[in-house]
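Note that chain A is present in both complexes that follow, paired respectively with chain B and with chain C.
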Partner chain A sequence: MKKAQIQMMETIAILFVFFILVGFGFVFYARILKSSVTTQGEEQAQLGAIGIAQKAAFLPELQCSEDNIIKEGCIDILKLNKASAIIPVNQEEYSDMFGFSKIYVNEIFPGNTNWPTLYDNSPSNYKTKLVTHVPISLYDATLKSYSFGVLVVEAYTK
Partner chain B sequence: MEIMGMAIIMILIILALIFVIRFVILKKPVEYKKEYTQVELASNMINTLLRTTANDCNGLSFTELFQDCADYPSDGSVDCSVGVKSCLYLKTKIPVIFDNTLEGWNIAYYFKAVSGITTLVSDECADCDPNSICPVRTHKEFPIPSATTINIILDICG
Partner chain C sequence: MKSKKGVVEVQFNWIFILIAGALILAFFISLVAKQKTTSDLSAKAKISVDLEAILTGAGSSRGTVNIIDIPKAEIEFYCGSYMIGGISRDAKEIIFAPSLIKGTKLIAWSLGWDVPYRVTNFLYLTSPEARYILVGTGDLFLEINKTIPDKINKEWYPTKPTDTFPLIVQSKNNYKVKFVLFDTIITSNVDISALSKMPDDDVTAIKINGDINSGEITFYKKQGGSWKGTGEGTSYYLGKESLIGAIFSEYKDIETEKVYDCIMKKAFKRLDIVSQIYASRSNEIKNTVTDTTCAGIHSSANIDLISISDISAALSQSFPNTLNDIVGKASNLKNLNDNAQSYSCPLIY
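Showing the complex of A and B:
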């Protein structure tokens, strides 16, 4: 074999090894990118769930107030009764705010009552379901008493 | 010369790998929901609990029952039902609330109400030893004014 031929073979071998390494690099990069996209999706779903829980907990349709002063972490039972009848009928109005989610209130103490679902737009097929529990006082304005309740927000991603 | 080229390429690839491992693979996923849940949950639990009305105890709130229990440390002065004074009422009802909330959601916790050196109520999840399996926790402490300040402490394990 001539010297020029040997040098050509050497160059081809180097290029071959180089392209194999580049190929490995691409495969590795694609995998990292995929896992990064998945992680970002999970983070977005978590942020979405927190956002919905916050909006639901501070919904003016439910909040307790006295002399126009809002009490934080409190749901007025009279408002809850009305809202659980009105919101499901007008669900489209709330879908921008709550998206794919289900929102309901449970009384823990003194009773163990499950109130009617406030909002239910849960899809039949979903990718993730994140449940957020928000302990909240349930105020009965007629008895002037507070019960221990939990606002449950189930947020779905498709 | 080709060997030099290969060496430079290999060094660049190794540097890229180190960069990817450092910033992509070893990057801890941000758990927004967990952080939010722990911080908000602890304060919401205490706020809601202290505001709750005990209808059996002349309609007093849990805050007032804690004050009564601290001021009359033997068993309290308020009658809740036959033979049940404020201290015993708190000791029986608070675990029920936590069983139906944090314990039901599989969240390890440790609750304590102390007045000076006296522990009025303490409760923890049945399967949780906070000193051993709960190294990272969200600690919330609420003081209640009384003859001796009452501290309501709730640790939620992470």
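Showing the complex of A and C:
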């Protein structure tokens, strides 16, 4: 083999090793990027779930009020009754707000009533399901009495 | 002297290095270019995700003003959606904003829309670089000026300019200027020749004709160094919250309708739903309470609430239209709620 040919082979070998190293670096970088994207996705899903719970808890369709002064953390059960019938009919209006989620209210004390589901747009196939429980008081305007319950928000990501 | 063979070898070596170098360079350049695109997209996606969180927070708590630092970006607002760097997102809140917000700061402010019961929160977004000029003297002018927070770039002129003694406005290099004219003041009473270099669409005015409860809004825009003679169109407001909505939004066409009208249609849809809920609540109370006075109050409330629901359902399809009927029913409801309180009945709202 001539000297020039050997030199050429050397150069090619160096280039080959160089590209292999670059390839390794690239694979390593892609893996880190993928893991970072997954973490970001999880964070976004959690943020979205909290956002939906926040919106549901502050929905004027449900909130208790006294002379239009809003009581936070309180749901009027007379409103809840009608809202659970009317929101599913107008699901399109609320799907922008609540996306893929299921929202319902459970009474915990003194009764143990499960109120009809307020909003249900849960997909059959989903990647994650995050459940948020918001403690609330339930107000009955006819009896002027309060009970204790939770607003349950199940947020899904596809 | 080198042999011919040696010369060829050296030249070939250089050509080989050149090709290999170019390939390596191209590889890294394409890597950097791809990374830049990904990073830009990721930054824009982050802004839109952050903005969504900001909007959720601002939409839930009324009356709060937040000045938010944002990366330098242009955010375009439409009816029910916004776009950042080509990425479009649906807005879940009712947002009144200029068609374009640019700069590094965003002002977010919200007010509850009460008709007379809370229907939803209106969210107002603007930039500190957008200028709002209020001109007038009456009660409505004072109320609106008092309501709009000082953090917003607003100027108020408690005067009544005329054609002979117009209000002369100087340029302050803002990218948008909005005039709000109250009382009998008309666009020709405001001299905007100093703003002639700004694009016509960025210098606009609204003329208010009404009171705190409801009224008519006429939209104007600049043409060269003066105002376009005829208005761009007319619409209506219900409550000062929707009037402020007209101040912050624009009267531009989105498909076949104006942005302000489109946003108000969404608000009336919510009013329809909330009114149905209150009507059903009053009906339930009427059927349950033993006191005949309370039953009577809730019976009347039920009728008014059903009317408001019907009217707002129609308005959610056909706005702009006069709102006098809703104003009348809302006033009745307020009186009925006061009566319910006087007689210790369950309140209507």
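The working rule: the second predicted complex is superposed on the first by the 148 of 158 C-alpha atoms of A that agree within 3 Å, B and C clash if a C-alpha of one lies under 4 Å from a C-alpha of the other, contacts with A are read in each partner's own complex, and residues count from 1 in each chain.
FYI, a contact is a pair of C-beta atoms (placed from the backbone, for glycine too) under 8 Å apart; a residue touches a chain by one contact, two chains touch by 3 or more.
Keep in mind it's a predicted model, so treat the numbers as computed, not measured.
On the superposed chain A, the positions of chain B and chain C stay apart, so the two partners fit side by side. In the superposed model, A:Thr11 makes contact with both chain B and chain C. Once chain A of one complex is fitted onto chain A of the other, the partner contacts of A:Ile32 are limited to chain B, with no touch recorded for chain C. In the overlay built on the shared chain, the residue A:His133 is in contact with chain B alone; chain C does not reach it. By the touch criterion stated above, A:Leu78 is placed in contact with chain C alone, chain B being left untouched. When the two complexes are laid over each other on chain A, the CA centres of chain B and chain C sit 110 degrees apart as seen from the CA centre of chain A, to the nearest 10. Once the two complexes are laid over each other on the shared chain, residue contacts for A:Asn112 go to chain B alone; chain C is not touched. When the two structures are aligned on the shared chain, A:Leu47 is found in touch with chain B and with chain C. By the document's definition of touching, of the two partners only chain C reaches A:Glu66; chain B does not.
Taking every C-alpha of chain B against every C-alpha of chain C after the fit on chain A, the minimum distance is 11 Å. The residues of chain A shared by its contacts with chain B and with chain C are 11, 18, 47, 144. Of all residues in chain C, those touching chain A in their complex are 9, 13, 16, 20, 24, 27, 49, 52-53, 56-57, 59-60, 80, 90-92, 112, 114, 116-120, 269-270, 273-274, 276-278, 280-281, 284-285, 288-289, 337, 341, 346-347, 349. Of all the residues in chain A, the ones that touch chain C in their complex are 4, 7-8, 11, 15, 18, 22, 44, 47, 51, 54-55, 57-58, 60-61, 63, 65-68, 70, 76, 78-79, 81-83, 86-87, 90, 93, 96-97, 141-142, 144. Residue ranges of chain B in contact with chain A, taken from their complex: 2, 5-6, 9, 13, 16-17, 20, 24-25, 29-33, 36-37, 40-41, 44-45, 47-49, 51-56, 59, 61, 93, 96-97, 100-101, 105.
For chain A in complex with chain B, the touching residues are 10-11, 14, 17-18, 21, 25, 28-29, 32, 36, 39, 42-43, 46-47, 49-50, 72-74, 108-110, 112, 130, 132-137, 143-150.
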